[in-house]
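Naming follows writing order (A, B, C and D), and every chain is counted from residue 1.
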């Protein structure tokens, strides 16, 4: 059992890990095209679950630890911090409020996903990694609750709560009509794998749908994969994927620092 | 109120800003593939509205301030300047003459837009940034007024005026059958955003149209966006996009110079 | 005739060539996108045909000679070697056991091939290099023998033997539903040519199938090509392709070493 | 009028220009993907019209002046030169023999053109530069005259003459079923423009054909373009395109040398 000092140190190390994970997620998701200059990525605060961490308004591929601000679950800035936040930060607040199991959220406009936001067709689980996002990917249309006179952006808690309500209990991704997607991950690491799986599967469905009838993964296959693969994100075989992507994004130094903090946070 | 010297200096600074904006627009539009080696980009003269600025005949990705010439609204070169101009400069002249609100014009042959110039299908506003170019994108066919014996190039004022007449009062883009596009922007900054939005939307429509019926932005949504986003191109949040693209094109130095001139031009 | 020492030296040189060929195949197949971070590539042991060579669990684009382990035809590690192997190594074991003519095997998830693993359409030999993989490319579905509750991965010999049984006597490639492909080559060099041919042909079929009815290579044409082109993988004109790809992958030094070993192994 | 020495010098300069043009055409066509590692490009000998210049068997992107050999119009090597030639050199021989107006020939397997070699659909002139290759692009199938038991390669004069016969009097490109294309240019410069136009038009037709009925260039438009644009390949505005591509391929030095030789060859 930790003494108070040890507990304090452990908390700080946890926050340190979370900040690194958030920087890695920003950079990796930018590199693979999941988020463009106008997307954003957050993680829940590791020791204060009613807060989340999100960069000041900045292109994800530029985000560094110094850019990260803290917000409460109404999207309000915490602490004296007058840097301009993202306009659509409410999305993150509402998803963390609605879903206790969610630890990381991304919102972006990946080109390969957009066709599924404007065509009347659902995304189907085809490639084996589809278990990362699951069989059901709802489409949320801002018109349904807010009429056809909005500018499509989610700029207050009312809109964000309505969007968060579109997630079913087992859903991890919601598409936004004419706009983009929101992905809600179990961790920064799973969020990255999920966004990649989502993009791979979308590209596949776009290509395959012109060839003929498609064979989907069954619900049983998705369940079997979730049971046997990747349930523990800190397992070495899962971390290998996370590390691989971080290295591709030029973040080897951050990985080293993360490993040290990880030891201290236990 | 400025004294005569101050007014003169302000004028020169305005022209300096316009020249920089034109170089940035050339380079950025070349980098994103909106214009190829044979496209061209212009801005209206900031203090002499019956003139416009356009490079000598040169690939847009190479254009520098020293390449820029001045033309009147008949496409004639102003001043003693015997450098060869673009063959199709008349397009710019006619659009500035017909539309007082237009401050920047691009003509190019972006590959992703060409399908909409040869297929009997209209471009539809699908992705949220479609408000930059709007719900209506007319297709102009040189055959209609000039018969099927032309070489498709717009090489005199008659042809250019006919083309300029294809723009409806609220239209910002016209497609040219088998040839390319003309985009008429509110500013160099808006021209860049518009070309990007146009290309993103075209790529999206090409992909999505194979999936099933499509959901368009409503006219109300386009209006709401125009009211609430980007009406002021010099607003910091709009300038951020312009600066982002300029930096990607390696033009950070020009941005600094622009900021200094901007202060002096007020 | 070689004396015992000469024979021993010849054996060692053969193994040296095989190790180099395996490194080249890993790197080249990664470079052209046939295998991603999770694919793997093997060659049969050149002098002990009931063994095969395969890297420890590592991304193919990073594989070096020091990473290579030896396995028997049940997928068991040979020798004291406790490095973690690929989970799906059984695929290689079962294919080498079932097919004496196979000297090199690749398993991957090339994006361009995936549509043919989820759509009910067969891959058709269209481009002339299709003789490398042939007229028949079976699709194996793990559900048929193992039910719809698997996680799709091939993780034991039972599954691997069933998969290996999907190869007809003249087949060189099997597709795995929702998962990827297994290619069984006559040599490392032919494996590379075959993967390239497979990807080129898949891209072609995806594009062409939207245009109208397709003209396939005839069986006679495939036979004529196999008789007249590339039957001898060490022929200079075949080695030129292998060398070209190796050089593109930055492996010129390995090629030089291979040439020296090749002389000694005769 | 030149004295004999002057005439000799002029001849040598012409050959020097031709060699440079051939190197540029090889490198540029490789860079834009018109020819891959197995394509080849030739020019007719400038002063001996019954000969042509073609590299020894080598990847076009590596070809240098020292690689170039001379052949007669039966595809036989001229002079003592035992370097291995391309297997399919007969294509070039037969086209130069059949068509006096042709000065440059390319054979390749550009991926974007292949769909038109296997689908029962003709290539249609859609984008304005289609005048470079024209309204009619025949498809030649080796089966028609040589049966379905060939290996598809053109390896003797009989096959090559049959292929050359597929060009109509005004045709500049023939597609080869399941194999690739042959383009017959008026000059090295026009050959480059034509290959680019062919690839742009093919990409356009592939994309546009999914949208709806297509609008082709008329025969009159093609004629008007041929009359008014690019009839003189040494005209500065035509040379600008040639120079632009050569510079992109890193061949600025060769262009300078060409300009000097050009003056001496007059």
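By definition in this document, a residue touches a chain if its C-beta (ideal position, glycine included) is under 8 Å from a C-beta of that chain, and two chains touch if they have at least 3 such contacts.
Every value quoted in this text rests on a predicted model; they were computed, and no experiment measured them.
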item	value
Shared chain contacts [chain C and chain D, defined touch]	none
C-alpha-based rotation, chain A on chain C, 0 to 180 degrees, nearest 5	90
Longest centre-to-centre distance from chain B, chain (CA-based)	C
Homomeric contact chain A-chain B: same or different residue positions, threshold half	different
Inter-chain centre distance, chain A versus chain B - centres from mean C-alpha coordinates, in Å	36
Centre-of-Cα separation between chain C and chain B, whole angstrom	51
Contacts with two or more other chains, residues of chain C listed in rising order	209-210
Topology of the chain contact graph, where touching chains are joined (line, ring, star, complete, other)	ring
Touch relationships between chains, expressed as pairs	A-B, A-C, B-D, C-D
Chain B-facing residues of chain A, complex	37, 59, 109, 111, 114-116, 118-121, 141, 143, 148-153, 177-179, 206, 209-210
Partner chain A, residues of chain B touching it in the complex	126-128, 200, 203-204, 207-218, 220-221, 223-225, 227-229, 241, 244
